[in-house]
Structure formats: C-alpha cells, structure tokens
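Take a look at the structures listed below.
Next come two complexes, and both contain chain A; in the first it sits with chain B, in the second with chain C.
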Partner chain A sequence: MTINSAELPTPKMSASSAGKPTGFSLPRMLLNIVLAFWAALVVFPMLWLLYTSFKTDKEIFFSPWSLPAALQWDNYVRGWVDAHIGDYFLNSFIVVLPSLALILGLSAMTAYVLARFPFPGNRIIFYGFMAGMLFPVFLALIPLFFLVKDLGMLNSFPGLILVYTAYSLPFSVFFLTGFFKTLPSELHEAAIIDGANQFQVFFRVMLPLAQPGLLSIGIFNFLGMWNQYLLPLVLMSDAKHYVLTQGLAYMLHQQYYQNDWSALFAAVSMIMIPTLLVYSIFQSQIQKGITVGALKG
Partner chain B sequence: MSSVTFEHVYKRFGDVVAVNDLSIEVEDKEFLVFVGPSGCGKTTSLRLLAGLEEISDGQILIGDRIVNDVPPKDRDIAMVFQSYALYPHMSVYDNMAFGLKLRKTPKSQIDERVKVAAGLLGIEQLLDRKPKQLSGGQRQRVAVGRAIVREPAVFLFDEPLSNLDAKLRVETRANISKLHKRLATTFIYVTHDQVEAMTMASRIAVMKDGILQQIDSPQDLYDNPANVFVGGFIGSPSMNFFDATLVESDGKLEINTGGFRLEVPAEKAKEWRAFAGKPVIFGIRPEDIHAKQFAPPNILESDMDAKVDVTELMGNEIFLYLMSKDNKQFIARVDPRVRVSNDDKIDLAVNMANAHIFDPKTETSLA
Partner chain C sequence: MYRNKYRLIVPFLIPSLLLYVTFVLYPYGRAMYISLTQWRGLSKPPVFIGLENFSKMLGDSNFWNALGNNAFYIITLPLFTIGLALFFAFVLTQGARFARFYRITFFFPQVMSMVAIGVLWSFVYHPTIGFLNSFLKLVGMSDPPVWLGNPDYVLSALSGVAVWQAVGFFMVLFIAAMESIPATYYEAAMIDGATQWNIFWNITIPLIWGTVQTALIFIMIEATSMFTITQTMTEGGPSRGSEVLSTYLYHEAFINSNFGYGTAIAVALFFLTLLISVILTRLLRRESLEF
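== the complex of A and B ==
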C-alpha cells in the first residue's frame, strides 16, 4: 500500500484562494513558513539521530553537527549484539504480537455482540468497559503488581500479554462497537436468510467488513504497546525479559559507566524503524481511523 | 413453489400493534403485492414471513407447514432487500453463491446455477466485480440473482425498486413480471407505490395501520374499493370525496353535496335507493368527470358545473383543479382539447356508473 496524495483529505481552501491557487497571498505564505519551520523542527532531530548513528564517539563529541567522515556500520553491530537490542526486539515482538491477536479477536467479538444484540445487561457491560477507559493506569499499578505476582506471572511473557490485553480492551471495544453499529443490519438479515448461523454471519460477513476498523485499532494498539514503558517496568524486572523501551532506558543508564554513545544512537535508530514503518505504511488508515472514532464512535 | 397462509397473525412492538389480525391465503405461483403508506405494517408482515421478526400471535404457513418457530434459513424463502444488502467484500459471483456454499451445495452445481441465473438477468459479464463497481440497476439485478440461485419456494421483495430512477423502475417492473412468469413461483412483494402494485400483482393486499383493508385483483380493487382509504390510495390522482346526502324527490334520486347536485341515473338508483335520505361520502374518480363537450358516449351521465382553479396540461390529458360552489376543491382528468382558463366556468359530465358511496361513520363502501 502506497500513500497516494490524492487519497488524503485536503483541507478546504476558501473560495478566493481556491480560485487562484498560483497567485500570491500573504496569509498563505506565512502559513507555509510556519509549517515548514514546524516540519524542520520535527524532522531534523530524526535526521540528526540517523546520521550521528554512523559517526565515531569522537566525532559525536567534537563536531556534533557535522556529517560522518566515514559510515561506521560497526555501531549497528555493537548496538544489535553487545547492547542486546536484538534480544529486546525479540522480546517486544513476543509480547506485542500475541497481545495484538488477543485484543483484536476478543474486542471484535465483544463489540459485535454489544453493537448488534440488545439483551438485558448489554449497556452495563458496555459502560463497564467504558469505566475501564476512565481509570488511569497509574492508580492501578500497585494492585496490578500484586495481582500479577499472586498469579505467579511476574517476569513472564504471558503475564505481560494478559495485562496488555486487558489494558487495551476497553478502548478497542468502545471503538469497534461504534464501528459495528455503522454496518447495515440488512447484511446480517440477508446472511441469515442465506442460511448462515450467527458464527458464520460474524466470521464471513461482519468481520471482513470490519477490516478498516480492525486495522485502525490494530495500529493504535501496536504503537501503544510497542512504546509502552510503565507496565513492563513494573512487571518485568528481569533483564532477560526486557522489552525495547526498557532496554533503551537500561542502555541510557549504562552510558554513565561505559561510553559508547555511537552504539546508543544506532540502537535508537533501529528502535524507531518499526514505528516509522507502521506510520508511513498506514498513514491514511490512521487518519481514517481517527475520523471514524470521532464521528461514529 | 408453495402457498403461503397468514392466520390471524399479530405483531406487537410494546404497545404498538404493527400487524393486527392479518389473515391472507396466497396461492401457489401467485404474485401478491402488499401496498400501503409507510408504517402500515406491510414490511413487518413480510419480515414475519421471512422469520426476521417473531410473530406475537397467530400462525404462518408455507405450504402445509407451520413456520412460526422455523428459522429463516429453513423456510425455503429468498428475500430481495430494499438496500439490496449485497455483501460488499464479495464479488457478484460470491454474493450469489454464498447461500449455496453455506448449504454445502456441490461446486459444479453452484457454478451452473449462478451462471444460469446470471444469464437470465443479463449480468454474466459482471460476475467478477464487487458491488461498489456496479450501478444501482445492476446491484438490484444481483440481489434478485442471489435469490434466484437458491430456487426457493417463495420469493420475498421488500421495495426492491425504490432506489432506482424513474425510467429504470419502469423497465425493472416489467422484468420482474417476466421473471415471475418464467420462474412460476410464489412472489410476495412489498411496495408503497400503487403503480407498481397495479402493474405487477395478480392480487393486491392494501394495508393501513396494521390492518388489511382489502385484498383483490388490481382491477377489482380499482373498480370496487372496500372503503374510503382504498378508494383514495389506489389511483392517481386519487378519488375525489364529498360529504353528501342522498335526496329523493319526485321519484328521482340525487346526490347533494351542498356545492353541487347530481342526479343519480335510474340504473344506479336501484342500488342506492336503500340509502335515500341518509348522509353518505360520495366518491368519484377524476377520470369519471368529463368536460361535457367531450364526454364519451355510453356513460351514465349526470351533469354539473364548477369553476376552474388551476389547469395542469399533461399533453395527452388535462388535470383540472376545480372548485365547487361551496369552495371544495376536486380534480378532473379531461380531454386535452378542452380550452379553459383559470376562473372559467366549465360544464361537466359525471359518469355515475363508476361513482361510489361510503358510510360516513365506518367509511366502508355502501354499494
């Protein structure tokens, strides 16, 4: 999927500016200057990080702004192997992918039932999930720690997966309930008359139609969990099980004792890649998802 | 192929009675059209038959089988929805094959049935497309195709033409009639459009407020409306109604509306004499009011005059909006050769053979 600029919503221009797009207009120029400045502000640190990751430690300290004299690929090797970024990557995937699968599966089924079937208690369950959204994770941290500890799941991947799943369900259910409500009920009825049972209606008709919603919620959750720091910090104290965010913090602390800034820069660059990829591939989807949530959620 | 029977069927939504004591027998291979204004219970009746709603009371039979508790998929019916309800993520072929696949029909048979149905509807070249790549008319045909491949005993149509433009609607109307002849299966069709009902149905069931008003062949319904509602609903422009009294003087029977008096010809007077001296609702269709000058021969003519309020030229006819002396407006459909302007007085010839009288209290037909 490539990003086609024609598909992206373009802001509506006023009649006068739309009528003569090539003409000079002071407000427009000011706007462009501000936007260009903003873009530079966002892009430059990333570029700086990227090219700095190819420099030697010496270059970093003595000419922080200059381009690397020679590309130090070795930084990446040290970051990946010695600083265990590879392990952290693996750990993050081990936690995030099953969580994502669980969240999508469970929230889609829950949301479908809540959106489609009126039954006594339907609203209570729905508002129960909503309440989960209102509850700040900081407040739950200590009880959560003891709960996971009592379950014997501290320092285990399944423990963190369960917590991630539970933590993400409220918003996902809320979002997808709104989404399922927008699907026409005639489709459900047509499938029933065609001979489908409720499971077939869900898996063969409704779920494929909910794909845009699932994709949106999947992306949001992926980014959220990939960047999650607080929960693993509390629940994963064993360095072997560190996820990326923890690994990064760990490396940062290490810099106080052993100076390998170039490897740190390389590691940070590598960590950025999945997030950047997700953002650039699904850019239009993310925008669409935000609108769906805002208008129909 | 199957008959369908509604026996004292009720559907209540809370306090609202959507279908009230509906009893209809639809014969095998019949084309029955439910017609009525929105909220009259026609769609609910269809959904009860489809099994999409549970009936509150009474029973529904398809063939000899009571289907009250039979799930929709086992009722041997297929339905075409107003919105077509095509599965957007499936190709036309898969849309049509979906029901058969769920029933584990052998692949070769699915393929054959889909191809035959597609040929019948002229959509063979669209089988690989997705619904969103189709025009409204094509979607409608796919929806019909999806019903045909199932080879059901009863076809249900829920306002299938209301999303089409006027020209396509006329075309599709004829195609559905042809399809009915070709498939020789029971069709039950819901519409709010009386023209659709009149043109396609073998019988029409007119509903209002959940109650069946009349069920009859289109012509009988038109000629002999059971009550004021049916008289007004069927036919366009609709029937003119006047509060009137039947007056008998010197052995002659007259309709007196206060705004005009019409002599009742002897043939009609035989039927109507029993109500002499009583208040009635007098009903006359616009096409039975002629300009006297162009009145056709062989009608039971009775003369009156009125003032022209508005004229609408249609080309093949003129709609005259007329005003009686007591300022009551009514419509006449007259010969296009009539030359009148607004506020002119015009002499009219009313064909009393097609006039109706209704009871003012119950609004049911008296004769």
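== the complex of A and C ==
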C-alpha cells in the first residue's frame, strides 16, 4: 500500500464537512433504509437465537417467532453439561493459549533476528517463511495428517498446538519483521555500549518496544485459532478432545437423531455471548488486528 | 554491535525453523508426490501411478460438479461482498448518521467462528423452526423453499451466509483506505459540481484501487474454498448439490480413504487458486496513483 494516513493533513471527509449539508444526490432516506436493513439483518438472527435459547422445544417448533413463555435456564445447563460445551471450551483454551504464547515468542525471536542481523542465508530463510503464505492449507492436509499420526500425536493437544504454531509462523514472522525494522538502531547500540549482551537487548529493549505489533498479531492469531475448524477436524477425531468449533458442528449434526434443539440454541448463545462482550469492549483493536492481514498484504 | 551475534541468531532461529520445515514445508512438498500415487489405506504404502489421478479427475463428474459449485461462488461472492462493502464504506465515510454504530455492527460476524455462523443460519433456514420461512409464509408465500434441502436453492443460501459474514470485514478495510483520501479532493470536486456518483467512481475508486485489488483476491480465495460453511451446514448435500472441491477432497481422503486421489484434487485446487490470482492481478492492473 502506498497510502499512509499519518502523513496526510486532514484525513477525514466528515471532519471538514461536519455541520454543512453536503447532500447526497441519492435520496438520503433510501440510504438510511438500506443501512438500517443490513443492521437488522446482522442483529436480528442473533437476537432471535438469544431469545429462542430460552424456549421449550415445543415452543421452538410451533411458534418460531414468539418470545418464550417462561425462561428455560435448564437449556443452558443441558448445553453446558450434557452436550459438553463446557468441556469443549476448556479444550479450546488448552490448545489456543499455549499456541498463542509459542507463536508470539517464536515469531518475535525469528523476526527480530531476520530484521536486524545481516548473516549469510538471512534472505533465504525470510523468503522460505513467506513461501508458506502462498499455499492453501488443503494442499498440506493429507500429508500433515500422516505426519502427525507417525509422530504419535493424533488426538493429542501438543500435536495440535505444534501444528497451529507452525502454520501461524509465516504471517507472524512477516508482520513482525516489518515491525522490528522500523525500530531505531541507536537504541540497540546504546544498550550494547552500556554493557548489555544481545539477549538483554532483545528482552529488555526491543521486545517492550514491539508491544503494539505483538498485540495486533496476537489478536489476529487468537481469533484465527479459536475459530479454526479444518485442522482439528482432521487431527482430533476423539470426541473427548474436541475443540469448541468441532463440538458445535458435532452437536448440530447430532440433532437429526436427538432433537434437543433448545440445548443447541443455548450452546450457540454461550459461544456467541462472550465473543460479543469481548468485541464490544475491544472493537477498535479487534478490527485493526483482523484487518492487519489484508492491509499489509 | 553485532559482537557474538551467532550466539543469539542460532537459538532464536532453530525452534521456529524446525517447526516450520517439519509441519509446513515437508507436507507441502510431500503432497506433490502423494498426488501421483494410489493410496488406499492407513497400513498400506502409497503406490506410484504417475498422472493417473489427474486423468481420472477429468472424467469424474463429481469433480466437475464441485468445480461448478465453486465457480458459482467465484462469481457471486465478489460481486455482492465487494459491491456492498464499497457502498457501505462510501456512505459511512461521507457522514451518514450512526456511522460508528453501523461500522461496529456490520463487522461483528467477522469475529464469530464460521461454525457458529453456520449453525445459526442452519436454524434460520430450517423449514419448521427457522424464522425465515415462517416470515415468508406471513407475507403470503404459500410454500417457501426448503433452502438447504433443495439443490436449486442451496448454493444461493450458502452464498448469502458467506456474504453476510464477509461484508463487514471488507467494509472496514475500505473505510480505512477511504479515510486516508485528503478531503480537499472531494471539496474541489464538489465545487466543480460533481455528483456523489461521479465522486465515487472518479475519485474514491481510483484512489483505493490497490485495496480493492487485495480485497478481490482475498474473497476469491474464500470462494475457492468455502469449506467450513459447507461442511457445517450441508456437508456438501443435498445429493452433492453444494459440494465444493475442498469438501470433496476431504470426503475422498478422510471418509473414503482415497488419499492419493484426495491429494490430487488438493493440487488441482492449488493451481486453480494460483491461476485466479494471476488472472486477477493482470486484469486489475492499473497505474497506481500516488498521493
């Protein structure tokens, strides 16, 4: 991208035109209706899901629109306990948190070295990592399954953690290399003159300065892994180790035999509500974190 | 400054290189070989058969059916997603009311997992419990379609979900690009009597063209996959009506144990993605505007 908003004097149209009726040539009314319609299209299905999750199965079947006659909290208990949503949540955390720590640590170390130390092979390693972004994960899927199987790590948390980490490296290294390149080298020199060794420079000086970059890459990877479905589907076939996305898909496919719709509605709500809360608090950081992949691409 | 640098470089690089080569590069390389083999079982080794998998693919009606379904998404997803996202981004940067609220709301589906979205929309489309059909009946449609159970409607239904999910993401991307256009450009155009329509086509679009290009490639890549939505909502059904290459190769490999053929489809999918990216980049190339 050639656009750099920081260098531009008045970035926002609305700032200069506020108060003046700039006037749409399309009727304003129509635009507002379209916007409101799309907002309703986003909000209503979720709202419907939420209030339906408190209904009985009978109500769900015979009056899809109506509000619940009484709040069926029991749906949530069945979803959390009997349908194992609680276990799936735990499994997701067990996989995603260590993966995230590994990715942030490893990609920061790798990116730092590639960004700031000239040595033979530096470029080859950098482009080697970049190559990983070119291929769709489907291409690796079948050999990956057999590799993980041969390593005895199918159906194991460490197996999935290592795979998540490995597949997150290319973009994270790419992003953080760019980031470390922008840090001033005077700081590095000053610290060395003050008697710090290379490790101290990294951990005490460079890593703290890289925090904004680590935050973006952290949000990007957290959501990517939390919502990942393909890799656990192939590598975790034991229902006890299902992560949240697998558990949810499994519940949906089970409905054709079991017919406990109310518990399923409750399960989806339990997954949606924390996401909604976290998003409403950190929405601007999250928007930045997610779109970072495309803006730098 | 670089004293003893290898003491840092080596331990900092080795762990990530090891992970990356083992779990990423090696499987990609191995896929090329496996696509040239017949490999039926977990215990039996792969047998080299040359290009046989690929010639089988040419005569495989299921493969062409899946490719056709991908083609449907390759046309509909960019058209509706990018179209709507550009429209919303433009309106919201031009000082529409409640712009902040709309921006936050429209983006939300992007944060939810595709599986949760798939389950939610399976409910919405459901012929008895879903609100969509009971709404359609309410407004007078006597026999609304079974969206996910009818091969004539299933692709449109899934495509709708994908668009619903993606519009907010691309809108935020376009807003970021549009906000960096200097306001003076718009002011000058308005003094010259340009309409909003003119401004959109002659100022906004050319100045954010780079972002539009990136966005098109992103959405195309999604259109060539569509795995999670399809696998969650229909598993490729009814009667392969929504099967795409990614779900087809998944079923061939992990349900039917045709690992060689499944990998060959993955290779075809890779070249399809590559081809589309190259064609798009060529078609969309314009002189980039610096400002």
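Throughout what follows, the second predicted complex is superposed on the first by the 251 of 297 C-alpha atoms of A that agree within 3 Å, B and C clash if a C-alpha of one lies under 4 Å from a C-alpha of the other, contacts with A are read in each partner's own complex, and residues count from 1 in each chain.
Following the convention adopted for this analysis, a contact is a pair of C-beta atoms (placed from the backbone, for glycine too) under 8 Å apart; a residue touches a chain by one contact, two chains touch by 3 or more.
Please read these numbers as outputs of a predicted model, since none were measured by experiment.
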item	value
Partner chain(s) touched by A:M272 [first = chain B, second = chain C, both, neither]	second
Touched partner set for A:I192, first chain B, second chain C, both or neither	both
Partner chain in contact with A:L35 - chain B first, chain C second, else both or neither	second
Chain B versus chain C as contact partner of A:A69, first or second or both or neither	neither
Greater residue coverage of chain A in the superposed arrangement, chain B or chain C	C
Which superposed partner A:V163 touches (first chain B, second chain C, both, neither)	second
Touched partner set for A:V77, first chain B, second chain C, both or neither	neither
Partner chain(s) touched by A:A239 [first = chain B, second = chain C, both, neither]	neither
Residues of chain A that lie at the interface with chain B and also at the interface with chain C	189, 192
Residues of chain A touching chain B in the complex	184, 186-187, 189-196, 200, 204-205, 208-209, 211
Complex interface listing, chain B residues touching chain A	50-52, 71-73, 77-79, 81-83, 85-89, 98-99, 102-103, 146, 150
Residue ranges of chain A touching chain C (in the complex, touch as defined)	1-5, 8-18, 22, 24-26, 31-32, 34-35, 38-39, 41-43, 45-46, 48-49, 52, 60-61, 64-65, 106-107, 109-110, 112-113, 117-119, 125, 128-129, 131-132, 135-136, 138-147, 149, 162-163, 165-167, 169-170, 173, 185, 188-189, 192, 197-199, 202, 223, 226-227, 229-230, 233-234, 244-246, 248-249, 251-253, 261, 264-265, 268, 271-272, 275-276, 279-280, 283, 286-287, 290-291, 294-295, 297
Footprint of chain A on chain C - complex, ascending	1-9, 12-13, 15-17, 19-20, 22-28, 30-31, 34, 42, 84, 87-88, 91-99, 101-102, 104-116, 118-124, 128-131, 134-135, 164, 167-169, 172-173, 176-184, 186-187, 190, 195-197, 208, 210-211, 214-215, 218, 221, 224-225, 227-228, 231-232, 235, 246, 249-250, 253-254, 259, 262-263, 266-267, 269-270, 273, 288, 290-291
